[in-house]
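What follows is subunit A paired twice: with subunit B in the first complex and subunit C in the second.
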Partner chain A sequence: MRTNPHRLESGGRIDRSRPLSFVFDGRRYNGFAGDTLASALLANGVRIIGRSFKLHRPRGLMGAWSEEPNAIVQLGSGATAVPNLKATQVEITEGLQARSVNCWPSARRDAFAFLKLFGPLMPAGFYYKTFMWPSWHWFEPTIRRAAGLGISPRVPDPDRYEERHEHCDVLVVGGGPGGIAAALAASRAGARVVLVDDRPVLGGSLQWEEKSIDGQPALEWVAAAEQELRASSSARVLKRTTAFGCYDHNLVALSERIGSEPAAAVRERLWHVRAARVVVASGAIERPMVFANNDVPGIMLASAAMSYAAQYAVRPGRRAVFVVSTDSAYEAAESLRIRGIEIAAIVDTRKDPGEIALSAQRAGIPILAGYVPVRARGTLAVKSIEVGLSPANGTAGGSARHLECDLVCVSGGWTPTVHLYSQARGQMRYDRERGAFIPAAGTKGFQCAGAAAGNLSLHQCLTDGFAAGREAAKAAGATSDAGLAPIAKAERSAVTAFWASPRDGHRKAWVDFQNDVTRGDLELAVRENLRSVEHIKRYTTTGMAVDQGKTSNMNALGILSELLQTSIPEIGTTTFRPPYDPVTLGTLAARHVGGLYHPLRHTPLDRQHAAARAVFEDFGGWWRPAWYASHGRNREECIRVEKRAARSAVSLFDGSPLGKIEVRGPDAALFLNRMYYNTMRTLAAGRIRYGIMLSEHGVIIDDGVCIRLADDHFLVSTTSGGASRIFGAFEDWLQCEWPDLRVLVTNVTSAWGNIAVAGPKARELLSRLDTDIDLDPHAFPHLSVRRGRLESVPVRIARVGFTGELSFELSLPAGYSASLWQLLLERGSPMGVMPIGIEALQELRTEKGYLHVGTDTDGRTLPADIGLGEVLARKTDDFVGRRSLDRADAKRSDRLQFVGLEAHERATVLPVGAHLVADPKTRRGSHGYVTSSCMSEALGRSVALGLVQGGRSRLGESVQIYSDGRLFPARIVSPQWYDPKGERLNA
Partner chain B sequence: MLRISCPWCGPRDEPEFRWGGEVPVIRPGPPEAVSDSAWAEYLFIRDNPKGWVRERWLHALGCRQWFIVVRNTLSHEIRTTTKLGDSLPETAP
Partner chain C sequence: MLEHRTPLDSIRERQAQHGPTIERRDFHVAPAHEKGLLLLQSASVNSLQEALGQVLDLTLPAAQQVNVLGNYALLWLAPAEWLLELPRDETDPVESALTQRLGPSLTVITDFSDALVSFEVSGSGAPETLMTGCSLDMRSHAFPARRVVRTALAGVPAILWNPGNPDRFRCLLDRGFAEHFLTWLEGTTPVLG
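== the complex of A and B ==
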């Protein structure tokens, strides 16, 4: 086992008794439990962890947590691979496999590295300009491969993801000192509290800063606070959990990382937290500085360097130069110094940094005040940095100093992490001195606390966080006394924001490291007259991608402010959007995958169909037999055999999904008369009428039969996909338009099984069962209904059907369906009974000339278009959609009308969707199209249905139908091909 | 995601509800007395204001009752919800 050459002898929060080995870019390394992938790589001396997005420049670690823009890695392989994680946030586990992205074969030796030579050819927007001829799409695949991030797995993810809903009084986002203080206050005040933090341990910056709180070491205070919260029955602490989005009415979405081990029951969990109040204590992110070559590996944020040294016991370098404009960086320098890292100098861009610089000087650290960074030197690792007096503080010439080092720690200021607050539409004000947008008056139910509210000292964070927690609890109705806030030593935390070096080298001065956007790119965008920050963001891509501009946004604004000669508040910020940090698609999908993505409904005859080797398909959300594979060698043969049984013997069809709505009450007839286009008031009890329903626009939305069981009791049958829609429309009209009608509607669709027994031998089959219903055609004619018993099963039988044959539709309590189906198959076997699927039924109704709403009608079809125009003249009452039928457009003679179509070639099945071309020579212009089509054995030819312009007055006309390069000569006909006198139907 | 207080069931998340558009919309009639423009107005023309609006919502996955919501289209704030049949709330505070 190799040792870690850059690991400090002692200290850190790692567990040295638990060594772990992992693989990065194909090489095996060692680390300890408690390491992140980033800290372990740094301990092993791996300084190049990725290549830049566009130019493939070598990149190392800049941050130590979610702010990291460079170290993007891909974890694992195959189905469970996860792309685009930040190495700084990946906890190492035994055997972890990680790869750098956007480089090959490794980050250190990258075949695309030559691209950096072409930097001058690739300014902002270069792909729009350079690759326009002949088409961007020629170049896109290659460019996407060269400039890209991780690779998503190509096979389904086998892991399990969950989601949970949670309600609380106070949600505290961030488990640093401010957040812990807020959670303690809210919990002690009696509120239900949820505290979330994205790290594996609470404490935030306290993990690497040596501080005291309430007179004890800060981490002991953190441990006691965590214990107190965990002991409370009304508090919940979620670690490794990112609050990534805020939505309306205080809904905050969290993603919790649970297990990356293969054996973990759940990998990640999505939380929907509805909180009365939200305290955002998400801290602040340190800013890099913009100067030439500021992306060379070995240049990192001061806070990150301190975190690596103190939290992970890793030496980020041997000789460091600090380039700072903040007081906080002096603490980082001291932290590194006492761990044996030489501090070559602290370069402070402020002319007079004050007492803090003097005490550093007393500790032996050279201070260069009023100096600014000019350029870094080094390719694969930083070798030195050149600094010079700021032009504002003296002459630039002659003041240049070259400082040898292998680590540059930068600190240009602090940006409060206001993403969530801003997503909740919180207002912000600009603080010029600190160079940051700071939350102004809180938005409804949302407030920021601690560093997120602009407080940079520990003492302020604790006081502010505690007050915020107490206020939030009070606002949520908690009444107990929260007691006193924790206290820490007062300290200075001054900042004078510094964006960018005034010196040259702008084309290599990086602003957005992740997207390879330089200061030169921003200058170009402004030179090309882009003014809005939203436009500049999109043109240069600054602030986009995985890190959402965490380290780059404010520096970009600072530079733009100079270029546009406008103040930063006038430029404004770009819109913050969820997610704050990337979230896996698995988490967002949670359990809604596979069969749970769109749960299908099954009929009560599901098993019987499966036993008959039905081929199932999703028809309007129902899992139904399309055809039965037991009936032949292939699909066509099976459908043909099923149709033959229906036409010459008897068929059984499972119509259970058919919509069934009971309508009862003294005004039921009046109500249905208003809902249907057809007159339903005059329907006699025991009789059935076909009807269509319209929208208020007059368009046909559904059809089916309406059965009058008694004077005040109807059963409406809708299309299988239309049941809930029509039921909803009934409720809508009854509640909102006609609340005076005494009508009760109930959707009984799934309570009833439905078996259609159809075919010339249908009556013969039913008569072989014991029944008290008289099946004689005179006693029980077409379009009538009878109630009674079939064997021992209570049934309702309706003389209706969709095949055009003698047909009995049996309705029975769903639970009896299977036994009756079985009985019908047994008794009917001598006469050739056969179950038929949807495909056969569709062909049977097509050759009968029956239309199917939604297939043979579209979103414009009116009743007259399908030949039901005369019904209107006979009905005097108002109904839904009536006024729309009186528009001039509704009466046009050239509307698309429902007709039959016959190909000249009897064996040619016209393609569905093919258009009737107005001009066969040019094949331009449409006179309508084919909607249903099939080969009919019963008719000895192919038939089709369609919607044709003025079609009903063009019967007999020859037309040309065009599809896929071919013209089919055909004729417009009446679709009444089969049994036009209705003798079979009425048998 | 909105949190809507159904006047029958209490506060629930938005996926339980279905939006039904602005109210009031008066259905004109009888059909023979309605002009084309009045009918078009009824079918298509809505105020769509920026700010407070009265709308009807259906508690589709709950009690299946339609009710009235006063919502701000800019902030998504919901001021009040009332049952159908109660007097229509004002939009101005």
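== the complex of A and C ==
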């Protein structure tokens, strides 16, 4: 265990009474409650926390919160590992395990550090140019393995994630002074307010700046404000919560970090907040400066150095040089000075920094005005910085000064954090004075406030935030008086944007630290004639991925402006994308995992199936028996037994999930005639007709039987997974295209249970039940329907089936179906009745040659492809999809057509998905593929169905079917294997 | 004679044996008392209005509203579509009486008693809990008494309505999702603070 050699003796907002130990890169350290991983590592003297993405250069801390581009770490291991977190945002807990990424074995001693020697060979876009021959795909696996940062766990995440919807009048993003003022104003005005901040404590920069608000210490004001908001029944304060995305109609997505302790009930929560108004008070990010070797560990943002010293009581260095172009950095220098850190000099790029520099000078800090950074020296840590007169003030690099130091604090300006505002399509304008893009005008329901709107002084933040909160509340309908805005001392906060020093020979100067993009990469892009900032972004990767350009975008624009000789406003900005900060996949998935990922419907016979040891699977969104384990020793045997029962005795099949749509009204027949490919208007009452439905493209989308119960009353049967889709299509056509038709449609799928009784003894079984329906084949032929009572319950019996056997489908109110199922099993026991699952049914229909839409058809299959072309010639009425069937492509003779396939070896079951190879020698080219396949006991051989090019004109042709390195000789045949005359069906 | 069962029977039996599914002071969920349900669809609103008045003395509710009279509740579901909740044993007689009075008008009455199941969700934590799985604001200022919506709850289609108490809701779901709904509620962790 190491002590904290760089911890200040006193101060900070850490809890020194709660020491915590943690492990980083295999070594144990300690810190205190309130520390981030970054502050604790810094306190322990660990300065190298990561390696750069491409060249594996050592990288230290640049920032202190979400702006940090370098210190990417991986937490935990195994299932609970979390990759790609910023050490600056990780709160340490007892036993925390963290390690650096993109390096081995550790960040300090990285075996891949030699890659920096190849830097000249790896400019922007090098992989686009270098790995072209023989093929990019030849290199891709290796490059993919070498690229990336953290490593995703390979096993399911055991942690729990929640989600929650919220509605409010005003959502305030950012808990700094501007955000708190906005939330107070909105709440006092009577609005329902949600205030979110991604830090563990409110206050933002007030946590490390020593300011006063309303005459009291700023943090006391923050505490009182938080108390006031929490006491209000109409306000909610969410800390540790990142607003990461803005979507349509003011929907803002939040990620709340609840608990990282193993015992935490919920780890993270996803919030969907719908706000009438959104105030973005997300602050501003200090900019680094671009100069040679500006990525050496020990070079960090001035505000970050102040945060480490004041908030975490950590000494970020012993002797610091400040290189600045802002007034705010002087405050940081003073903050470090009073905490015992020697300030070697403040190097100000401005020729005349004004009174603030004189004030620092009076405090004993040397000032170098009009100087710019030339290069930093050091490899694993900064040792000195060379500065020279600015080109504007003399010869670049002239009057060079070497300043020994172990800390360089940079401050090149401030960039308002407008990511969410930009995602909401808010417009921005370039403010030359501030050297930043700031919001031009509020987009609908969205406005920026405080530093996010370009107001850098505390006083401005408070007044602007308060006004924004008050206006937002008013716009949302709140009418109470918000009172007066909090006030702070007015102060100067001048900025002169500084992007980059003049080029220092061939030394690299980093623009985007996270993506390893240098000034040279931008120069290369411009030399290669890329002009659009969007193109340059993609070519160089600056501003992309996790970082989203937090510290790099403006510097890149400044350099591009110089290179392209174009003003920054003319170059414009790139588009910010969600998420603002990385979000775990667990949060995005929330509770939609495991059994809740895709809710499945249970049939009314669920308990009966479970009692019969059904093996359930998801079929079309229903939890259905695939087969029954009680029927044999293994899956194959069980399915075989079930099929045998259906062919030789009687079987029961739970058809409840089949879609059932009632279509009623005087124009019902006309409507269905338009919806079906087949003619339905001539269907007689009490009769049933098989039909298919097409999309407007003529493609088969569903099939089933259409039952005419009365002249103005039809029952449409759809596939189980197609019920909602077909019902929606019916409504769509009726409401949008044919509102004149007098038709009403009702989806009654769940209202009715359905049991299919099939097999040669089906009639015998039904005759053992009490019913008023005449089951005689003459009175009740195949493809007809009868209504009556069965065991005193209303029932509809349809003579249809999917097995090729004598079949009766019994439909009755769903609540009775379990009882009827039990009765059928009891009465049918002497004749060998048996429930069958989906697998047996699929094999029964395969050997009968019945196609299954979606299995034996694909997204291109037209009616003629399955042998129903002649229906089109006979039907004169229009129907959905008709026009598409006249396309030349629909009439091609080499289309994929539905056929049967027989392996030459009778016992060989052709693999589903296997292709008929056009050239068996090279095994290249496809003439179609196998769609269904099984071993048929009834036929004494294997059979398969498939889609084959010009298949019906190739009956009898021998083909080779290829799968997994094997060729299967087979023959194209008609699929009508079982009972081709339909005698069993019509029995 | 066949026995009639719904998924709620199984849930009641389980709860009778093992106690309530969810143990929270601020939140309770239980199968609602079983009622009959008639789905009313009409292209002739006046005729339906007249028939309902004659048979049940009920008026058609406005959009997103529920009209309650004694044992009857009439829920607006969509333009030209309503759901009538009534005592189960009155389903057939009321359907017949309405059909008789509707005459030739294009109105369809469908017995939905077996299609949907109804849960009663109550307690001060009910709005917050429902908002973990429903994108609507379920709190009383946004979801007052006698309001009804068709929405998605726990990832499945649902009809939610408030019978009169701010912390009491009825959730009507497809019978096939009854167990899913309870499983989902069991795993819900309320927002603290």
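Convention: the second predicted complex is superposed on the first by the 728 of 987 C-alpha atoms of A that agree within 3 Å, B and C clash if a C-alpha of one lies under 4 Å from a C-alpha of the other, contacts with A are read in each partner's own complex, and residues count from 1 in each chain.
Operating definition for what follows: contacts are C-beta pairs under 8 Å (C-beta built on N, C-alpha and C of every residue); 3 or more make two chains touch, one makes a residue touch a chain.
None of these values were measured; they are calculated from a predicted model.
*Asks:* For A:D878, is the partner it touches subunit B (first), subunit C (second), both, or none of the two (neither)?
*Replies:* A:D878 sits against subunit B, while subunit C stays out of touch.
*Asks:* A:C736 in the overlay: touching subunit B, subunit C, both, or neither? Say first, second, both or neither.
*Replies:* After superposition on chain A, A:C736 lies in contact with subunit B alone.
*Asks:* With both complexes overlaid on chain A, does A:R269 touch subunit B (first), subunit C (second), both or neither?
*Replies:* Once the two structures are laid over each other on A, A:R269 reaches subunit C alone.
*Asks:* Is A:G665 contacted by the first partner subunit B, the second partner subunit C, both or neither?
*Replies:* In the superposition, A:G665 contacts subunit C only.
*Asks:* Please indicate which partner A:H535 is in contact with in the superposed arrangement: first for subunit B, second for subunit C, both, or neither.
*Replies:* So A:H535 meets neither subunit B nor subunit C here.
*Asks:* Where does A:R109 make contact in the superposed view: on subunit B (first), on subunit C (second), on both, or on neither?
*Replies:* neither
*Asks:* When both complexes are superposed, which of subunit B and subunit C contacts more residues belonging to subunit A?
*Replies:* C
*Asks:* Once chain A of both complexes is superposed, is A:E696 in touch with subunit B (first), subunit C (second), both, or neither?
*Replies:* After superposition on chain A, A:E696 lies in contact with subunit B alone.
*Asks:* Considering only touches as defined above, state whether A:R591 meets subunit B (first), subunit C (second), both or neither.
*Replies:* After superposing on A, A:R591 lies in contact with subunit C but is clear of subunit B.
*Asks:* For subunit A, which residues lie in the overlap of the subunit B contacts and the subunit C contacts?
*Replies:* On subunit A, the overlap between the subunit B and subunit C contacts is residues 272, 274.
*Asks:* Name, in rising order, each residue of subunit A that touches subunit B in their complex.
*Replies:* Per the touch definition, subunit A meets subunit B at residues 247-251, 272, 274, 425, 444, 696-697, 728, 731-732, 735-737, 739, 878, 882-884, 886-888.
*Asks:* For subunit C, which residues are in contact with subunit A within the complex?
*Replies:* Going by the criterion above, the answer is residues 1-7, 10, 39, 41-43, 106-108, 110-116, 131-137, 142, 154-156, 174-180, 183-184, 187-189, 191.
*Asks:* How about subunit B: which of its residues touch subunit A in the complex?
*Replies:* Residue positions touching the partner: 1-3, 13-14, 20, 27-32, 34, 36, 39, 43, 56, 58, 60, 64-66, 75-78, 84-85.
*Asks:* How about subunit A: which of its residues touch subunit C in the complex?
*Replies:* For this pair, the touching residues of subunit A are 160, 162-167, 265-266, 269, 272, 274, 591-592, 595-596, 599-604, 606-607, 622, 662, 664-666, 742, 744, 746, 748-753, 791-793, 812-816, 818-820, 823.
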